[in-house]
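Structure below; questions to follow.
Each chain gets a letter, A, B and C, in the order it is written, and its residues are counted from 1.
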Amino acid sequence: MTSTLPAPAATGEKAARRPRHPYLTALATARGRTGLALVGLVVLAGLLAPLLAGHPPTDQSGLTLAPVGTPGHPLGTDDLGRDLLSRLLYGIRADLGIIAAAVPLGAALGCLLALAAAAHPAADTAVQRLFDLILAFPGLILALAVTAALGPGRLPVVLVIALAEIPVFGRLLRTGILAQRGREYVTAARVGGSSGRRILTRHVLPNAADPLVVQIAVSLTVAVFLEGAMSFLGVGVRPPEPTLGAVLSQSMPHLAQAPHFAAGPLVTVTALVLGLSLVAEALNREIRR
Amino acid sequence: MRGLLLRKLPSALLVLFAASVLVFGVLRLVPGDPAAVLAGPDAGPEVLAAVRARLGLDDPLPVQYLDWIGGLLTGDLGPSYVIGGETADLITDGLGATTELTLGALLFAVLIGGTLGILGATARRPWTRGAVRSLTTAALAVPPYVSGVLLVLLFAVLLGVLPPGGRVPLLTAPDLGVQYLLLPALCLALPSAAVLGRYLEDSLRRALAEDHVRTATAAGIAPRRILWRHALPHALPPVVTLLGIQTGHLLGGAVLVEAIFAWPGLGQLAEQALVRRDYPVVQDLLLLLVAVFVLVQLLSDLVHARLDPRIRWE
Amino acid sequence: MTELHPSTPTAPSRRTTLRAAAGGTLLLGLGLTGCRSAVAEAEAPATGAAGPKRGGTLTVAVNTDFTPALLFAQSGQSLQHRLIYNTLTRYDDRLEPRPELATSWEYAPDGRALTLKLRTGVVFHDGRPFTADDVVFAVKNLQNPVRAAQLRSTAAAVTGFEKRGDHELTLRLAHPVNNLFDLFEFMIITDRNSVEDAVAGKRLNGTGPFRLASWRPGTGLSLTRNEKYWQPDRPHLDGVELRVIPQADALVSSLRTGQSQLSYAVPGRNLSTVTAVPELSVTQYDTGGGASYLGVNTSVDPLGDKTVRQALAWAVDRERVLSQVLGGYGLASATPWPKSSPAFTEAGRTHYRHDPGKARELLRSAGHTRLDLPLLHVNLPGETALAEAVQYDLKQIGVHVTLEPTDAATAQKRLISQTMPALWAMGHSFSQVQPSTLAVSAYPFNAAKNTSRFRSETYSRTVREAWTSRATGAEANALRQRVTDTLLDEAFIIDLVIRGSVQVASKKLHGATLNKFSYLNLDDAYLAA
């Protein structure tokens, strides 16, 4: 769990001894629980892949595009006769690994840059222009270039996703800080003689950070997409390792005759997105209380 | 406003310079070069050497860089190496197609996202909220390369009401152009619409909870007026920031959507040029994208500063 | 939410929503009820009677755009070559040359000269008459390394030109070559005055049945009927559109909806979708556009040992690759030759079969039980699936392969600069014409310098003899057999599947054919009702 939702869980633990932290309250609502359950289910499937899958995900056979319910292959097989259940489970596992590394990395770097920007107007300009520079290159073109330079594998995928997330988080936090700074209580604190750093950490940041928590949920789904798009363009993780995106893009030519090929990853991605958005929403409401 | 613009201009130019060095450098670092592409899979060393010499790839890198920048400054982008034709023509054609697609998608995103956001924040009936949630989730969960294929299967193959791909420019034949534009624009817009909708819903809720809105409600001002006059203006600033980012995403997403719908835009051009190492096209195109982006950001900053008086630029 | 602000306005927002939705519908409606339909417009005009029919525009779906800089090289997409231009001769199904712009030809007794009679009354699209000078230019043009023509070695064998009038030409050869008609099949006759414009894509001036109306990069070529074509009453079609659709699924959709009526670019994996559509017919060209092979870098230890290479050749299940990756279209084969090639033998084709036991045994006899090797492949879906299948088969004999998906440009660079890793899986061409052309024109098979870094006196000599020999019949077959035997024994290029060109066409279309280099010929093509 901590791997997919680091921010709320971490904050939650810290706050456990004090009166219940709003994040925990949020996750205890019906909405929050449903969301956690959905995400948990997907995460569990990924974590338990070696136990649940009856076949290694890369074992091939002469059984091409077997339908759902084939003995030994509950979800059928793909075009090279590989077990789709196994590829789905290991695909989830691979995706979880990628997004758990990439999104926090991107978020952390983005936030660091935003904090640096808050320190000085010159730094602010530099950081803003850096964000512009990153955002200006279309993500997938960046992906093509990075992979061409680094070669295939997980690293370029993680890098591309993290790179794409840096300006998103950075700009959100920066906007938040700017907006909070203008508020009365900050002005009051400043007039009251609090130091700049203290105002930032005690007053501005806690209030500016809330949108970031919501953004993490959104970014996790965006990361799943980016991975898929990279697989679609042939620059994803090294084949034959399955990922949700790789399985999905392999299924496209067979969409008409073998829709079950695409169904597994699609249902999984939907569950993940729905779960994450429910969690995000639950948090969002509590925060605003 | 003018002061703001003047203050931002030098840094914007610096971004352009940094981008030009970055693009040029990365392109030379990436293995494979246009000469190898043009020489073909069966070329001997003498063929490769002849093609390299013709393209000027044997010149020192700084000379190549200065040649490029010099050409840019004098407005002469020169011929493309691999794709064929003049670089300027390629980019102009692609730019027209992509602008059309992005504007169409932006329209869809704002329409759909706005509808979903306002409905989500204000609807009281559970089924309406349920419908909004399902739509948003579906739009977010189905990647464009799947929704694109599904849209084509449904509207072009099964129903036969819209063409499966290709483009007729809107300006030459608006009635045909719209039909070619609908599916790719919709496909491109869906994820952005969902994100926009979710953010708008979120910001609207916050705005509706603010004191001045409650006061207005208590004062008996019509709910509709409250939404448009009081809540939305306060909800918009973060949404506008997001719209700026989403426009960037639209351009990025165009790479996939243009491939699926055979839309001859910048995304396709960039992918083709990069894959085939057409140096001038990649360089000019990416630099153009950076320039456009910087411009859009500048505008977005201006609008933002207008909409949200709390934000002041020190 | 309701508990937070109980008086949240709902009514206006509903109205707003409805208005927005109505706006969207209006937009959609505008498109759908507009005066023209983009769907109907794309369909070919229906005509009544059977038999060849004048008129109509054929739309051909291609996955790669025309690349003017590769006009004189064998590139991914050469369909337009025989539409805009002509060649001197054309092979029939038995590899016998037939007249096109050359009407007759005669070898000198010593095989060192060939005299061509050229067709009279042929004019270029700009009205200039076609003469012997255009042929001289065409040959010299291919000798220029910048043109990157694969048949450059054959063109370079032509060292002298003797004109007799405007329509008779003798080509003097430095040494006898037996693939001169491959050159004539390959070499398009272009206007010698505008060749630089041609390779820049500005102007394509030829003698072919269609003339260039426009080329929009990324969209495709628009061709219109050449009213002054030298074949009377041809072509039947008013025009041809080459429409670029890079993505395979989109290309299939275009064919299924009738937006395009012909394509040679449907990948094997998508063919099952197409065969299920009643309006489309699938034809396989036995001649083949190329072959998929597993390349071996003999300078990587222990692949210098041919026993190890042979073990790899025994390990791959070619029939499974054919059915699972290529949709069953093609020919599983250990040799590069398609069935129509004079070098084809069934014994050669089945020389290596799927026999993991034998492969393991060979590997053991060479002193190995486990090898770890990288394998480079191009990162396109079909190529990746093929590499995955090969990887799995090799794993079964203890050869553990790490796949290296690479973009096409890098792969090509590594191919021609001899920097391939231990293994690579790609495609080669040039086995569909005279067998001798393969070794002198396809780089992987080149005797002097090749990607495998394979050098052998025997191979060089055999290849040279096969190229310059004037023998026919049994003697020629024996020479070809020696080349085949060397290739099979040395196994530096392990052929897997001969990939035929697969034509997917609307059943309304009749008479479209391909030449040996995949130039589309639509002289006799027409769209029936």
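Please note the rule applied: a contact is a pair of C-beta atoms (placed from the backbone, for glycine too) under 8 Å apart; a residue touches a chain by one contact, two chains touch by 3 or more.
Not measured: the values here are computed from a predicted model.
**Student:** Spelling it out: a chain qualifies if it touches subunit A and also touches subunit B; which chains qualify?
**Tutor:** C
**Student:** Once you count every C-beta pair in contact for both, which comes out on top, B-C or A-C?
**Tutor:** Output for the comparison: B-C.
**Student:** Compute the distance, rounded to whole Å, between the mean C-alpha positions of subunit A and subunit B.
**Tutor:** Here subunit A and subunit B have centroids separated by 21 Å.
**Student:** How many angstrom lie between the CA centroids of subunit B and subunit C, rounded to a whole number?
**Tutor:** 35
**Student:** List the centre-to-centre spacing of subunit A and subunit C in whole Å, with centres computed as mean CA coordinates.
**Tutor:** 42
**Student:** Give me the residues of subunit A that touch two or more other chains.
**Tutor:** 144, 148, 249, 252, 255-256
**Student:** Scan subunit B for residues touching two or more other chains and write them down.
**Tutor:** 30-32, 149, 153, 205, 209, 275, in rising order.
**Student:** Which residues does subunit C have that touch at least 2 chains other than itself?
**Tutor:** Expected reply: 1, 249, 407, 410.
**Student:** Show which residues of subunit A lie in contact with subunit B when the two form their complex.
**Tutor:** Touch list, subunit A to subunit B: 121, 124-126, 128-129, 132-133, 135-141, 144-145, 148-149, 167-168, 171-172, 175, 178-179, 182-183, 211, 214, 218, 221, 225, 228-229, 232-233, 245, 248-249, 252, 255-256, 262, 266, 269-270, 272-274, 277, 284, 288.
**Student:** Given the complex with subunit A, which residues does subunit C contribute to the contact?
**Tutor:** Within the complex, subunit C touches subunit A at residues 1, 248-249, 252, 267, 269-270, 272-273, 276, 320, 323-325, 379-381, 384-385, 387-389, 391-392, 402-407, 410.
**Student:** Quick one: in the complex, what on subunit B touches subunit A?
**Tutor:** 8, 11-12, 14-15, 18-19, 22, 26-27, 29-32, 133, 136-138, 140-146, 149-150, 153, 191, 195, 198, 202, 205-206, 209, 237-238, 241, 245, 248-249, 251-256, 267, 270-271, 274-275, 286, 289-290, 292-294, 297, 308, 310-312, 314
**Student:** In the complex formed with subunit C, which residues of subunit A make contact?
**Tutor:** Residue list for subunit A touching subunit C: 58-60, 62, 64, 79-81, 144, 147-148, 151-152, 234-235, 238-240, 249-250, 252-257, 285.
**Student:** Flag every residue of subunit B that touches subunit C in the complex, lowest number first.
**Tutor:** 30-34, 36-51, 54, 79, 81-85, 89-90, 93-94, 108, 111-112, 114-115, 118-119, 121-124, 149, 152-153, 156-157, 160-168, 173, 175-176, 178-180, 182, 205, 208-209, 213-214, 217, 222-224, 226-228, 259-262, 264-265, 268-269, 272, 275-277
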